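All remarks here apply to the structure that follows.
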Amino acid sequence: MITHSVIRPSWFIQISGGYVFFFALYGLAVYMAGRMFPKQMLGFPLTDIGIFGTAVVILLAFRSNTAYNRFWEARIAWGDLVNHSRNFGSQVVQYIRPPSANGARAEDTAPVHRELIYRHLAFVNALRLQLRGQNDWKDLDPFLDKEEITTLTQFANRATQLNHRQSARLRELHEAGWIAERAYVEGLMDTVKHFYIAQGVSERIKGTPFPNQYSFFTRVFVWVFVLILPFGLIQHLGWTSVPLYTVLATIYIIIEHLGCRTEDPFEGRIEDVPIHAICRTIEIDLRQQLGETEVPEPLRPENGVLL
Amino acid sequence: MITHSVIRPSWFIQISGGYVFFFALYGLAVYMAGRMFPKQMLGFPLTDIGIFGTAVVILLAFRSNTAYNRFWEARIAWGDLVNHSRNFGSQVVQYIRPPSANGARAEDTAPVHRELIYRHLAFVNALRLQLRGQNDWKDLDPFLDKEEITTLTQFANRATQLNHRQSARLRELHEAGWIAERAYVEGLMDTVKHFYIAQGVSERIKGTPFPNQYSFFTRVFVWVFVLILPFGLIQHLGWTSVPLYTVLATIYIIIEHLGCRTEDPFEGRIEDVPIHAICRTIEIDLRQQLGETEVPEPLRPENGVLL
Amino acid sequence: MITHSVIRPSWFIQISGGYVFFFALYGLAVYMAGRMFPKQMLGFPLTDIGIFGTAVVILLAFRSNTAYNRFWEARIAWGDLVNHSRNFGSQVVQYIRPPSANGARAEDTAPVHRELIYRHLAFVNALRLQLRGQNDWKDLDPFLDKEEITTLTQFANRATQLNHRQSARLRELHEAGWIAERAYVEGLMDTVKHFYIAQGVSERIKGTPFPNQYSFFTRVFVWVFVLILPFGLIQHLGWTSVPLYTVLATIYIIIEHLGCRTEDPFEGRIEDVPIHAICRTIEIDLRQQLGETEVPEPLRPENGVLL
Amino acid sequence: MITHSVIRPSWFIQISGGYVFFFALYGLAVYMAGRMFPKQMLGFPLTDIGIFGTAVVILLAFRSNTAYNRFWEARIAWGDLVNHSRNFGSQVVQYIRPPSANGARAEDTAPVHRELIYRHLAFVNALRLQLRGQNDWKDLDPFLDKEEITTLTQFANRATQLNHRQSARLRELHEAGWIAERAYVEGLMDTVKHFYIAQGVSERIKGTPFPNQYSFFTRVFVWVFVLILPFGLIQHLGWTSVPLYTVLATIYIIIEHLGCRTEDPFEGRIEDVPIHAICRTIEIDLRQQLGETEVPEPLRPENGVLL
Amino acid sequence: MITHSVIRPSWFIQISGGYVFFFALYGLAVYMAGRMFPKQMLGFPLTDIGIFGTAVVILLAFRSNTAYNRFWEARIAWGDLVNHSRNFGSQVVQYIRPPSANGARAEDTAPVHRELIYRHLAFVNALRLQLRGQNDWKDLDPFLDKEEITTLTQFANRATQLNHRQSARLRELHEAGWIAERAYVEGLMDTVKHFYIAQGVSERIKGTPFPNQYSFFTRVFVWVFVLILPFGLIQHLGWTSVPLYTVLATIYIIIEHLGCRTEDPFEGRIEDVPIHAICRTIEIDLRQQLGETEVPEPLRPENGVLL
C-alpha cells in the first residue's frame, strides 16, 4: 500500500511502464509527418476520436471500479481476520481453563493459551506467505515447535492444515475438560470457521483474477485509442500537440495499468493490501491479550510503502 | 477461466464469432459505394453516430458490469463451498468419535470419517456435473460405494439427494452416540445447510440468465450502431476508414459477446468459473485433513485455460 | 422469464407497445414538413440533441440497472426459499422421530413428515398466488386437508398464517417428544424464520415499486427526447432519416419499457421471475427427500416463456 | 410513497418548486436580449454547454443512484422489521407457556401473549412517530396500559426503552418458568436484537443525510448549467428555444430535486417509505397470529399517496 | 458532519483550498494572452477539451461514489455499534443476576451492571479517541476506576484491551454464578464479538485509504484539464470567459476535493462521521437502560457542524 500521497518518480516509471518516452517520440513523429503530408491524408476528425475516447473512459471506469472492489474485498477479508483474531484471543483466554477439579493454576494455563494463540499467529503468517508466493517459512519459527514445523512441510496448503491442527488441539482440550462444550462448539470452533472463510476469500481473489478476456480487450481498446489520438490532434494544434498528447496518452495508459495492478492485491507489489503489517497488528494485539509486555513494533512504511 | 494473459487467435475467433472478416468486407463495400455516389446521399453526420456510440457504450458498460457480477457471484458461491468444505473436514474429524464407552480405536473411526468426507466429495462433483450438463457420472465412482451410486440415478437432482443422504447418515451417527447433540445440530447440520446454499446459488445463476429482453435489445442496438458506423466514417476518412472501421466494429461486437459469454459461468466454456479445478482443490485439502498422504495433483491449465 | 434468446414479434409488440408505427408516421411527417419549410424554422442543431441523448441514456442506464437489481433481488429471495426448503426437508426427515420410548415405527413417522412438508409446499404456493394476485386457491388442495383450507380463508395474509400454523405444529411435536429441544429451536424454528424472511423480501419488492417520481420523469424525459429527435436528423439526412429515426426512437422507448417491466417481477408477465417453476422444483426435491417416487415433471417453458 | 403512476399537477408544483415559471421568463428574457445584441456578445458555443451538460447528468446519476439506495435501505430495514415481527408472533405464541406444573390454561396464556405482542406494536409505532418527528403519542394508547405510557414519557428515546422493557418482561417470564432457557436466549432475545437493529438502521438513515457538501455543490453545478443553457440555445434556435429551454431546465432541476426528496425517506413527504402502512400490516398479521378476528383494515393510499 | 444545508463561506475556502482566486487570475492571464497572440497559436478546439472533460467527470463520479461508500460504510459500522450497544444494555440488565442462592438484592446487582456498561462506554470513547488521533484520555475518567485507567496506558490499542478486559470480567461473573452459561456464551460474548467487528471496520477504513495511486492520478488528470480549459474557451467567448472559467474550474476542483475529504471520515474534519455525537447517543440510551435519570444532553451541532 502506497502511504505517501505523492507518487514518486520511481513508482511513476514502474506504474507507467516507461511508455511516456514512447508517447513523446510517437507524438513527435506524427506531428512531423503531419507537416509533410496534406492534412486530409493523415488527419482524423476529432469527433470520431471523441466518441472512442468516451467509450474508452467508460470501460476504464468499469475497470477501475472492479479493481478497487477486488482490492477492498481483499482488505475486508483481512479486516475480518483481525476482528476474529482479537475475538479468538478473548475466547482462548476466557474459555480455556484447567478442569476445576485439578485446582487450576496460572502456571498450567498460560502455556496452553500461548500455544493456541501462537499457532494462530503461525496460521496468519503462513497464509500471508502462501498468498504472496514467498518461501520465508522461517517466519513461522517463533510460533511453532520444531516438530510441528516439520510435519507442516508435507501439506499442499499449510494454512489449511494449521487451522485443521488448531481444531484438533481444541478437541483434545475439550475432551480433557479444559473447555466447556458450548464454548467449544459455538465459541471457538465458530471462530475457526471464520478463519477458514477469511483464508478462502483471499485465495479466491488471488486465484481468480479479473477475467482475462475483459482485461485483454480493454487493453487493446485503450492502445488503439492512444495510437490514433495524435492524428486527431495535429489537425488543430501546432507543436503544442506533442506535449499535450504525451500527457494525455500517459494518463489513459496509467489508468489502465492501475486497474491491472490494483485488482491483484497479493502480489508483493507497492499497491498490495499490506498483509504483512496486518499480521504484525494481530501479533501485537494478541500477545498483549496474553499479558505479554514485550511485543514487536508495528511495521512502518518503508520509502512510502507499507507491505 | 482463461489463465493466459494474451488472448490466442483461436480464442479470438471463438469470442469474436469471426465477424472481423464480415466487417472488413462491409467496410470496404461502404467505402466503394461512397466513392461512386455523392456524399450527401450516403454519409451520416458523425455527431449523430457519436451520440449513439456513447449510448451503446453506456449500455455495454451496464452489460459488462452485470456479467462480471454474475461471474463473481458464482465464484463466491464456489469459494464458500471451499470454505465450508474445509470446515466440514475439521468438523468431521474432530466431532465424530465412537461412543466413549466402547473404547474408541482409530481403526473404527477412520472409515466413518472417510465415508462422510468422500460422500461430500461426491456431492461437490455431482454439483459440478449437473451445472455443466455433463454425464460423466463415473467421476463419482471413487467416492461412493456401488449401491449408493445405483440409488442415486433415480433422483431428479442428485446433488440435493446426496446432501440429504449425508444428513441422514449424520443422524444415524448421532443416534448411535458418535456425535454429541450440539456438534450435530449446530456444527455439522449447519454446514450441511451451507452446502444447500452454495448449490442453490449456483443453480440460480445457471437457471436464471441475464434477462433475455435486455440481452436481445442490447445486441440489436449494437448491431444497428455497427452497421451505420461506416456511413459516418467515409465522409471524413479515405481508405484508412476500412481498417479503422474493422477494428472498431470488432471491438464493439467483442465487448457485447464477452458479456454474453461471461455472464453464464457454468457452460463448460473457456470463460467458465473453473469449478473442476475447485473440486480438485477441495479433494486435496480434505483428503489431507483425513491424513491421507497420496493425493491427486491440482488441475493445471491446459492450453492457457483452467476448467 | 423469457427463455427464448430471440424476442418474438408478438413479444416485440407487447414490449414496444406498438409505438414503432407511431414513430414511422411521426418521422415521415417531420420529414415532409422539413421539405416544405425552411430549415432554420424547424431544424435543431444535432449537438443539442446529442447532449440530451447522452443525458437520456445515462438515466436509462440507471433505470435499467435498478430494474435488474430488483429482478435479481426477487430471484435471490426465491433462491433462498429453495435452499431453505431443501434444508427443511432434511431437517424434518432427520430431526422428527417418535419419542424413543414408544418404539418408533416408520408407519408412524412418515405421515408426520409428509404433513409438515406438504404444508410447506402449500405455503410456497400460497405465497406465489398472493404475489401474482391470482385466486387459484385450489392449487393448495393437494397439500392441505379440507379443514385447514377452510380455516385459511379468513386470514388477510394466508402465507403468513400457514407458516405460523407450521410453527404451532412443530411446538406440538416438540411437546409430544418428537423433536429434541435443540433441533426444535435452533434447527426447525430457525428455518421457519428464513421462510418469513423470503416471504417478506418478495412482498417488499412487490409492494414498493421503483419510486413513481423517478419513473414518471424518466419517461417524460425520454419522450421529449424522442419527439424532438427528428428535427435534428432532417437537417443532415435525406429520406433515410425516416427509417433511421424509427429504429432509434423504438430502441430508446423499448429500453425505457424494459425497465418498467423488469423491475416488477411478480406481475405474471413474460419477464417475471419464474416462481411457478421454482415452486415445482421445490415440490419435486422435497417429495423425493420424503422418499416418494412419483413426482410431477418440472415446468417447461411454453412458447419460450417460463412462469 | 406515490402509488399513482402519473404525477399530478399539485405534486408537480411541489416537486419542481414552481421553477417552471421562472425558467419560462428567464428563457424569454435571454431570447429577447439575443435579438437586441449581436450574437457574439451573448451566445455560448453549444459544445461547451454539451460538456457541462454531460458532467451535470453524470453527477445527477450518481445523486439519483445514492438517493434510491438510501430509500431502498430504509425500506429493507422496515421489511426486516416486518419479517422479524411475524417471527416474533410465532415465537411468542409457541414458546411462551405457563410452567407445566401449574396446569396451563388458555385463559392464563392469552393475556401474556397479548401483552407482549401489543407492546411490540407500541414499539413499532413509537419508532414510526420518532422517525417522522410526530407527537401523536396517543397512537400508542391501544397497545399499552396507562402506567407504562406514563413511565415512557421520561425517556429520550422511547422506542429503545420499549424494546428494553420488552426484554425485561421476557426475563421475568423466563424466571417464572414460562419460557425455556434456549427459547428465551436464542429465540426471543435474538429477535429483540433484530428489533434494535431495524431501529438503528432507520435512525442512521434519518440522522445522517447524504453529505451536505455533495448535495450543495451538485445543486450549484446544476443551477450554473441551467442558467447558462439559454445562451447556447439562442444561437441556433428561434422562438422555439423558449419552450424547449423551459422543458429542459425543468427536467434537470426536477431530477436534482428528486434526489433531495427521495434520499430522506422519513420526513412525512409524499415520497416517504410508507411506514404507517407497514405498521398497520404488522398489526394485522400479528393480531391474526394471536387469533383475533377483528383486525383493522390495511391503510389505503389517499389521493394516490400511501404514508 | 455538516448539518447546515448551505455551505458557509469559511467552509467554502476550506474545501476549495482557495483556488478560486488562482483560477480568476489564471483565466484572466490566458484571456489577455489570447488577445495579443493569434488564435491558432493558443486556442484549443473545444471538442478535444470536451472529450477530456467527459473523461474527467467520469473519473470524478467513480471517485465520488467510492468516497461516499467509504463514508457510509464507516457510518454503518458506528450504527452497528449503537445497535449492539443497546442490545448489550438489555443483555447486561436482564442476564446478569446474583446467584439465586444468595438472595439477590437490587443493591448488589446495580453496581455490577453499572460497571460493565460504564466500561463499555469507555470502550466506545476510547475507540473514538484512537480513530481521531486525539489524546483526551481524561474523557474516559467518568467511566473507569483509577486503577483500570493506569493499566490501560501500557497497551498499544486501548480499545481492544478494554473489550478484552470486558470479556475477562464477564468470565469472572459467569464463574461466580451470576450469568447462566448460555447467556454468557451466546448472548454476551457474541455481543463482545460484534464490538470487535465494529472496531475493526472503523480501523480498516481509517488505516487503508482510497489507493493513493488512484487519488494521485485523478488529481493530476483534473489539474491538466483545468489548466488547458481556458485555451478552449477563449476561442469562442469574450471577456465572459473569465468568470465562466473561474466558476467551472472551481467546481471541478471542489468535486475532486470533496472526494478526498469525504472518503476519510475519522479525521476530525467538518465532513467526518459524527462519532462524538454517536458516543453521546449511546451513553444516554445505556444510562437510561440502567435506570439513571440524570443523563447528559445530546451533542448539538456547533456552527452547523456535528462532530
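We call the chains A, B, C, D and E, going by the order they appear; numbering starts again at 1 in every chain.
As a convention for this text, a residue touches a chain if its C-beta (ideal position, glycine included) is under 8 Å from a C-beta of that chain, and two chains touch if they have at least 3 such contacts.
None of these values were measured; they are calculated from a predicted model.
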What is the touch distance from chain B to chain C, in steps?
-> 1
Counting in whole Å, what is the centre-to-centre distance of chain C and chain E, each centre being its mean C-alpha position?
-> 38
Could you put a whole-Å number on the gap between the CA centroids of chain A and chain E?
-> 24
For chain C, residues contacting two or more additional chains = 47, 50, 54, 58, 61, 65, 182, 186
Classify the chain contact graph as line, ring, star, complete or other.
-> ring
Round the ring starting with chain A, chain E following: which chains, in what order?
-> A, E, D, C, B
Counting only contacts in the complex, chain E reaches chain A at residues 40-41, 44-45, 47-48, 50-52, 54-55, 58-59, 61-62, 65-66, 154-157, 160-161, 163-164, 167-168, 170-171, 181-182, 185-186, 189, 192-193, 196-197, 199-201, 203-204, 208, 210-217, 220-221, 224, 228
Inside the complex, what are the residues of chain D that reach chain C?
-> 1-7, 11, 15, 46-47, 49-50, 53-54, 57-58, 61, 64-65, 68, 71, 75-76, 79-80, 82-84, 86-87, 89-91, 93-95, 180, 182-183, 186-187, 232-233, 236-238, 244, 247-248, 251, 254-255, 258, 261-262, 271, 273-274, 284-285, 288-289, 293, 295, 298
